[in-house]
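Shared between the two complexes below is subunit A, which pairs with subunit B and subunit C, respectively.
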Partner chain A sequence: MNWQLWSRQVDAVAWVEFKRFWLSRRAIGIYIIALAPNFLMLPLLIRPGRAGMLSTAYAVFFEMFWLRLVIFFGCASIFSQFFRGEILQKTLHYYLLVPVRREIVVLGKYLAAFSGTAMLFSLTTISSYLLYWGRSARGRDFLAGSAGIPELARYVAVVIIACAAYGALFLLLGLLFKNPMLPSMFVLTWESLNYVLPAELQRVSIVHYLRPLLPVILPRGPFVILTEPPSPLVGIPGLMLVTAALLVLAGLVLRRTEITYSAD
Partner chain B sequence: MALPEDRIVTFDNVSKFYGETLGVNRVSLSFEPGITSLVGPNGAGKTTLMNLMTGLLRPTRGQVQVLGFRPSDSENMFRRVGYCTQFDYFPKGVTGHDLIYSLLRMHGYGRSEAGSMTHRVIDRVGMSDAADRKVAGYSKGMRQRIKLALAIAHEPRVLVLDEPLNGLDPMARSEVIELFCDLGRAGMHVIISSHILHEVDIISDRIVMMSNGYVVAEGDIQGVRSEMEDHPMQILIRCDRPALVASLVFQQDSVVEARIHKDGQGLLVSTRNPDQFYRLLNRIVLDNQLSIEGIEPADENVHSVYEYLIGGSNGGPIT
Partner chain C sequence: MAVYRQNYKPYQGAITSPRWRFMILPRYAFQSIFESRPLVAFYVLCFVPLVIAASLIYLQYSAEALASLRIRALAVVEIDSVFFGALFRIQTFLAFLLVTFIGPGLITPDVANNALPLYLSKPLSRKEYVAGKLAVLIGMTSLITWMPGLGLIGIQADLAGPQWLSGHDGIATGFFLGSWIWIMTVSLVSLAVSAWFKWRPVAAASMLGLFFIAAGFGSVMNDMMQSDREWGILLNMSTVIAMIFDWFSEGVTERGNVPSWAALAAMGALSAASVFVLYRKIRACEVIR
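Now for the complex of A and B:
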């Protein structure tokens, strides 16, 4: 096991991929998508009220809009691009002609995508949270008190874990499907309607493990099938294990991938 | 004497099918150090063979070994192999320098060593002035050069080049050919596919001729030509009295045709037995006190062999 060489290779792949994607012109669209809806939605929510009500309003915004739509589709479009985009642009062979295990290529690309998305969505979460609470004196008091920053930290933790788990899933889908948006829509439906499914099926979902980590848990409507929420001590390592398993699977898929661009 | 496994590239009964479409079929080959050219029309299977050699494709049947390594063992194999593909695409947004530098970092070289190797190889392919420009803005010829630099940057022992002369201007082409010859002389395996047959002819130690997924001939060009008994060998004799020679060569049954050259200063003879013909020619020259300017095989080249073996049935674009 040559860990030193492998870490150097992961570093090299991740750096090329980070520059290629995040410092390019096409990333501007991603930055706009990450920022614009955030700041368009927030003014609609900002109302005077009690801290408890304000917390709930932000929780609705975060879970329903930010986590389930923006972060979900952000991860879908970014992570799936890291392989599918290269196959479409006929550039994937660049990484398959170097003395690097294909699993390392997967890890390098994943880290490049993950570091960018986690950073981007964490920063926008922090900025939206500060903007939301900073507009009123009551909000500023809440931020300065003992609850504000820990709540923000939990939102950021959820963002990072969501990027890690959804990212691994969409990286794999980008390798498996010519059009990863179709399976992404299936995943969105599954994740959105998951709470009406039997308890066993609810466990086959990322959002099932993310929800208990949120600082404010929202009610899920009349059709919910109630299940015991997983403890964070199970949920976080569980999602990390799922992420690792998805990356291993992506490595195996890439190991079996052949370059037949014309067929794609 | 057979070379050890770690010095050759072997295909053992290799077939590749794309669904029901044949890529290559039952290819058994062995590449030794030196320059080997893959010749054949479009769709002959040259790129498939190269992609199989470098693990971009997996064989449907059979086994490929490169210096003793399976192509699937990319970690070991690509330390010794460089592949200049036909795919003219690069990751977006990177400069020529960054592309090569990051490749060398992936090979495991340290920052300063990778940096100096990058400068050396960029200089070797004549791209120093454009190294800091983005690859997306390169011309076709510059892309070819940077691909070549990518393939040779880590000083491989096997260099696989798919149509490496495409897009190069005549000056660059002659420089690149000189580079291939240097590498071949240095004991490297240089495996080239090309449509430009007269250049292949100049540089190749061996050829592998392919058609419709099959290897139709392999070996050094003289050897391949001499085995083609269906096609009489053409010999051009430059002399002062070609008509006299023409009248005398037919005493031998193996001579099937004799034509006076258009300029009147030579004779083109087709014979099924060149050795016997050369003996007869010696006698004719001595008996008649002829002045001979030159004698040379007229169709002992890649172009002619290509025409005989492939051109008639599947004439792809050749130059």
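Now for the complex of A and C:
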């Protein structure tokens, strides 16, 4: 086991991939979507008196729009591109021809996508939170108090964990499916409606483990089947283990991959 | 035949009329679309709500069938604008999903593989190329939206009598015009997205993002702004088309203090933007910087 060599190879793949994706025109759409909440908060700076200053209002925005739509679709389109995009560009064979273990290629690509998404979505979460609370004296008092910054830290933690878990899932889907958007739609439906499923099935979802980490937990409607929320001490390591398992699976899939570009 | 005898011979077969040349594109597109089994299965599923709706209409006027089935609850289902409005929303959503998964595959491969010069070197103009691709989407979505919708309205009018139709004359107009506005808008957006992005999954993701993320953005915008007029609903395509249907079928002129003409204008703006993108992207040559 040559850990030093593998580490250097992972670094090299991750850095090349990071530059290839995040500094290209392809990423512009992602940047625009990530900045969307800031555009949303800007009018509030002009007319701060109209909207309420409630943690629940930000919580609704964060869970319903930011986490379930933007981060979900962002991860789906970014992570699935890292392999599917290479197949469509007919460039994946370059990686498969170099003397590098295929698991290293998976890990390098994952790290490049994860570092970019986590950084981008964390920064926009911080900026939207500061814009939301910073528009009035009462909000600024809340930020300066004991609850403001810890609440923000929890939101950022949820963003990073969500990017890690959804990222590993969509990286695998990008390897398995020609059009990863079909399974992504299934995952979206599953994640959105999992609260009406029996308790055992609710555990088979990422959002089930993310919700208890949120500082404000929203009610989920009349059809909810109540279950014991998982403890963060179980949920976070559990999600990390699932992420690792998905990456191992992606490595195994890539190991058996034979490219027939004509089929795509 | 000896090789030296195989020299040039002009095409002797029948020539397609210039007016209908664009229909050659759908012919081949349908072949490749129906090769996908999951897509065929989904297309069949799109007809299920229509079959259920037809059964409900039939059962309303068949006391014998209701009695034999012993389903009293079905007798209270009223066949009115609410019923057809719900059916319209279901079918337009299914049409959107269909367009999302078919549309990106129509132009993206041609752009990605530099095949546009090949098409446009034939006696086929840019407009005809787009019309050909659009015909695929219009044909497939019409079969699950306005065509069966008008058929069901006809069945209901036949069973309930002409007085029902005179009392609900806006439903047929709403179904027909609403479906066409929806089909044209989502088809043009889908073609524009597929011409813009060279990758099919990215184009499909953009379509889904446009539908779901824009709707979420609009909803959050309304919550945050708490304005008198909920302009954010114009970002929700599903609500926009429902506003148009309600306007045509029942004469409802606003929703959330937003006038219905604004919904029509939003669809028009989206279509115009898509046409502009297609005009810029569908070209026989491309400058790569």
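Everything that follows uses one rule, which is that the second predicted complex is superposed on the first by the 249 of 264 C-alpha atoms of A that agree within 3 Å, B and C clash if a C-alpha of one lies under 4 Å from a C-alpha of the other, contacts with A are read in each partner's own complex, and residues count from 1 in each chain.
Please note the rule applied: a contact is a pair of C-beta atoms (placed from the backbone, for glycine too) under 8 Å apart; a residue touches a chain by one contact, two chains touch by 3 or more.
Nothing here was measured: the structure is a model prediction, and the numbers come from that model.
Engineer: Will subunit C clash with subunit B on subunit A after the two structures are superposed, or do they fit?
Structural biologist: In the superposition, subunit B and subunit C stay clear of each other.
Engineer: Between subunit B (first) and subunit C (second), which, if any, makes contact with A:S80: first, second, both or neither?
Structural biologist: In the superposition, A:S80 contacts subunit C only.
Engineer: Looking at the overlay, what does A:L88 touch: subunit B (first), subunit C (second), both, or neither?
Structural biologist: Touch status of A:L88: second partner only.
Engineer: So, does A:V100 touch the first partner subunit B, the second partner subunit C, both, or neither?
Structural biologist: first
Engineer: Per the contact definition in the header, classify A:N179: touching subunit B only (first), subunit C only (second), both, or neither.
Structural biologist: second
Engineer: So, A:W190: does it touch subunit B (first), subunit C (second), both, or neither?
Structural biologist: It touches nothing on subunit B or subunit C.
Engineer: Taking the superposition on A as described, I'd like to know which of subunit B and subunit C A:A36 touches: first, second, both or neither.
Structural biologist: second
Engineer: Students often get this wrong, so check: with C-alpha centres, what angle lies at subunit A between subunit B and subunit C, to the nearest 10 degrees?
Structural biologist: 80
Engineer: Using the touch definition from the top, say if A:M64 reaches subunit B (first), subunit C (second), both or neither.
Structural biologist: Only subunit C is touched by A:M64; subunit B is not.
Engineer: Could you tell me how near the closest CA atoms of subunit B and subunit C get once both structures are overlaid on the shared chain, in Å?
Structural biologist: Subunit B and subunit C, overlaid via chain A, are at closest 8 Å apart by C-alpha.
Engineer: Can you give me the overlap between the subunit B contact set and the subunit C contact set on subunit A?
Structural biologist: Overlap of subunit B and subunit C footprints on subunit A: empty.
Engineer: Help me check something: in the complex, which residues belonging to subunit B touch subunit A?
Structural biologist: Subunit B reaches subunit A through residues 18, 51, 54-58, 72, 74-79, 82-83, 85, 87, 89-94, 98, 102-103, 105-108.
Engineer: Under the definition above, what is the set of subunit A residues touching subunit C in their complex?
Structural biologist: So the residues of subunit A touching subunit C come out as 26, 29, 33, 36, 40-41, 43-44, 47, 50-52, 57, 60-61, 64-65, 68-70, 73, 76-77, 80-81, 84-85, 88, 174, 179-182, 184-185, 188.
Engineer: What does subunit C use to touch subunit A in their complex?
Structural biologist: 38, 100-101, 112, 198-202, 204-206, 208-209, 212-213, 216-217, 219-221, 223-227
Engineer: Using the touch definition from the top, list the residues of subunit A that touch subunit B in their complex.
Structural biologist: Spelled out, the residues of subunit A in touch with subunit B are 5, 8-9, 11-13, 15-16, 19-20, 23-25, 86, 89-91, 93-94, 96-102, 255-256, 258-261, 263.
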